[in-house]
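What follows is a set of structures to go through.
Next come two complexes, and both contain subunit A; in the first it sits with subunit B, in the second with subunit C.
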Partner chain A sequence: MPSGRSLETGLTLGDVDVDGAILERIECVHGDSRSAFLRKATIGGAALLGVLALPPAGKAQSAKDVDILNYALTLEYLQAAFYTEAEQVRALRGRARRAVEVVGAVERAHVTAFRDALGRAAVARPTFNFRGVTENQTQFLRTAVAFEDLAVAAYKGQAPRLASDALLAVAVSIHSVEARHAAWMRYLFDITPAANAFDEPLSRPEVLRIVASTNFIAAAGRTEREGTPRFTG
Partner chain B sequence: MRGSTRITLVAGAVAVLVVALVAARFTSSTAATQPDAPLPAPAQPAFVIPEPEGLAGERATSRWSTVVRAVTVREAADPAAPAIASLSPRTPEDTTNVVLVEGSAVDDAGRLWIAVRVPALPQNVTGWVPRSALGANSFVRTRLVVDLEELHATLLRDGRPIFEADIGIGGPAVPTPTGEFYVRSKLRSLSRFYGPLAFGTSARSAVLTDWPDGGFIGVHGTDRPDLLPGRVSHGCIRMRNEDILELGRLMPVGTPVTIR
Partner chain C sequence: MAPVNANSAHASREQFVKRALMTGGAVAAGGAVLGALPKLASSAPSPAQDVKILNLVLLLEYIESAFYAEARARGALRGELREYVQVVGAHEQQHLSAVRGALGNKARAKPRLRFGNATTDPDAFVAAAINLEDTSVAAYNGQATNLTKPTLAVAAKIVSVEARHAAWIRAIAGRPPAADATDPSLTQAQVQAALRKTGFLRA
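What follows is the complex of A and B.
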């Protein structure tokens, strides 16, 4: 077994992070040396998200805004992938089916906007394994409610921390859209769309802990490599 | 000055100060609530969210999944159904094994099962595996159609041709199998014989069963372009190197392959 390979999972961070999403984020926040160390370090799913949750140290205000935007982008990736897969799998029915078409298109628009705004600083798209949730109407709606409530609380938690008023204007405009989605999914799941007089924000560690608990962030398959083929020729 | 007079003067001064402060606060508050007092304009957003776009244009999608653990493929969506094959998480080329998804079902215990095309002999076998044995789903909009009679390959995207090439196929003794298959690996080839690029497919030679790694059929380049088009291979689909490189830019892993 090569050095730096986990005895438990057989994986290194390099194996899991095939498209570089996680390392790109670490480099953005902590610099190259830390990512080089982590590339060889053995990991588990919780440790992976723990690394993502580390706060930026000693960065300028604009770097902090970039960090917050990338955090928002990661959540948008998750939502966009979730609704897009639900639409492509075609297992939902009725009003839920129409809802995923509309909400999925909006979440993809959010992803496009954040990626364009961040340019080369944008984190890469992670791989998600939704473990069959997109193929079961009840499980899908329950998860959609959780994701939308999570997104609303996450935006609420970070928007006041943005240094730029112009970015705050974007965050607030998305926040209200996510709140509409939350109400829509709650309605479809047959629970009260708006029962609270006051919504609490969630911190980034709290949000990432919830995301980690889903086990939806998956190792990307490696279907391409260099080698000598042994096909029949 | 007597003590009572001093107390009266201090109390008077305090009263005047309180009245002045209240008056100032009232005046300020009244000004702030004047209906014609301007409020700050809304901040301009740093960037604009584009119009949402649906997936309506992506009609001809196929779904594939990675295999995340060794699993028995069964004849039906039932743990007691007969086994018809097995799947490993790795291919013989040491890439992540993938399967084309053809459907799903829920068993009596509420477990989700997925119907997958199996890269095993006999050709065209579809069987069932638990969803838990599979990883992330991916979707492709492409399909490769190989015409053995015309010695020609066409790549379709959303049902429209985007690539065509003359090909070499298996000779009479080692025919290229016909049926529905899929691309499951992509190798940057280190062999001149296979050209610069080779796709591994789920198709297998029914004749060369003792070929190393099981006799899988590839789509690859060649060091003998002068033989194309023709029935010159051991079952693989050969293309000129410039064609396979172009196909490499257009055809993702997971693409269904029709050989007819």
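What follows is the complex of A and C.
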């Protein structure tokens, strides 16, 4: 493979072209679409902040750790829903299809682990709308790469902030699994699995801004919504 | 050569993931993840302890960078493996420089190494690379709670790249890049034992 493998390094969720409408549109100067995008992004951001509002502290963790765990849980909800939808839509072929089964099961296990650790302090699952990207192999892989790289950077930003050693040990063991997923999805997408010698962290506001810009979070979780994800697009 | 993941928690972790895979993750797996913690060090993080840990990590980086440098110099690997060696070898050189730089005059000397056919034979190379990269991830993860926070922040920038390497070489070899929900961790003694077992270190 690939002498043809691109050494693309800067792929982010901003590069994911959903309905032709993420960062391209924010650059667009044609009145309506720009303001519509900004309005949607604001709603998405507000909904997300609602999701991440500090819940009542669990008895086992400090309030700050609970807050960090709920932030991680929200990112895991996002990833788990994304892979679960891709698996159920059945639009992927070959190695990507098998990868989705494995990675999806792991992301769901992460969700379960965090929910279990948080107990009643766990945030509810938001409602997602992936806007059709799970129905197309190329769009799916672009988005998966962006999600996984984002998760690596997000965990890296939070791990040193955890007060509890027990939670830190879990966080780092998940952090490196997310990095394996990132490399795996990049390999399937035929871009270099390891673009740099050092992976940089992202702060929580940076991560949330990127997530909000996707409009993948349709509504904050209120009551539990288990079961089949919404298929859209 | 088997990949190194022989910590005592691994069996229960495998069971946990197996259950998760069978049921789509809808099991109460959180307890299993939290129950699979490595033994935490009794001594609190300190700059002196950072030096000891970084010297262990430096040993890993010496071995990895020399391994890939030799594979590249001997030029026997082709295709995807050749590309992997070029990219990953350059990363390991930078990791080595960073860790050695952080240690300054407290850095251990480079060990004498011999890799035999592991830098020329594709099958031997793949097995050795998977072993070294998985060991590296487990070594960094195992020390996370023992490091001071500033050193942890730097180590975290390296460990995820090691995990990417591990996944990459596994993908090339047609092995699962990431089968478990959490990566295993190794103690310092387990890392040293794993490195001795490679046969790459000369007396």
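Here, the second predicted complex is superposed on the first by the 157 of 233 C-alpha atoms of A that agree within 3 Å, B and C clash if a C-alpha of one lies under 4 Å from a C-alpha of the other, contacts with A are read in each partner's own complex, and residues count from 1 in each chain.
One rule holds for everything that comes next: contacts are C-beta pairs under 8 Å (C-beta built on N, C-alpha and C of every residue); 3 or more make two chains touch, one makes a residue touch a chain.
No experiment lies behind these values; they were computed from the predicted model shown.
In the superposition on chain A, A:165 makes contact with both subunit B and subunit C.
Of the two partner chains placed around the shared chain by superposition, subunit B and subunit C are both touched by A:173. In the superposition on chain A, A:102 makes contact with both subunit B and subunit C. When both complexes are overlaid on chain A, the residue A:80 reaches subunit C alone and has no touch with subunit B.
Of the two partner chains placed by superposition, subunit B and subunit C are both touched by A:117. Under the contact criterion defined above, the residues of subunit A that touch both subunit B in one complex and subunit C in the other are 84, 102, 104-106, 108-110, 112-113, 116-117, 165-166, 168-170, 173-174.
For subunit B in complex with subunit A, the touching residues are 42-55, 61, 63, 66, 92-96, 98, 104, 106, 112, 131-132, 135-137, 139, 170, 174, 184-191, 193-194, 198, 200, 205, 208, 211-213, 215-218, 220, 233-236, 253-254.
Across the interface of their complex, subunit B is touched by residues 84-85, 87-89, 91, 101-102, 104-106, 108-110, 112-113, 116-117, 127-132, 134-136, 164-170, 173-174, 218-233 of subunit A.
Residue ranges on subunit A touching subunit C, taken from their complex, read 1-3, 5, 80, 84, 102-117, 152, 156, 159-160, 165-166, 168-170, 172-184, 187, 192-194, 196-201.
Looking at the complex, you find that subunit C touches subunit A at residues 16-17, 20-21, 24-34, 37-38, 40, 79-80, 83, 87-88, 90-91, 94-95, 98, 137, 140-141, 144-145, 149, 152-153, 156-168, 171, 176-185.
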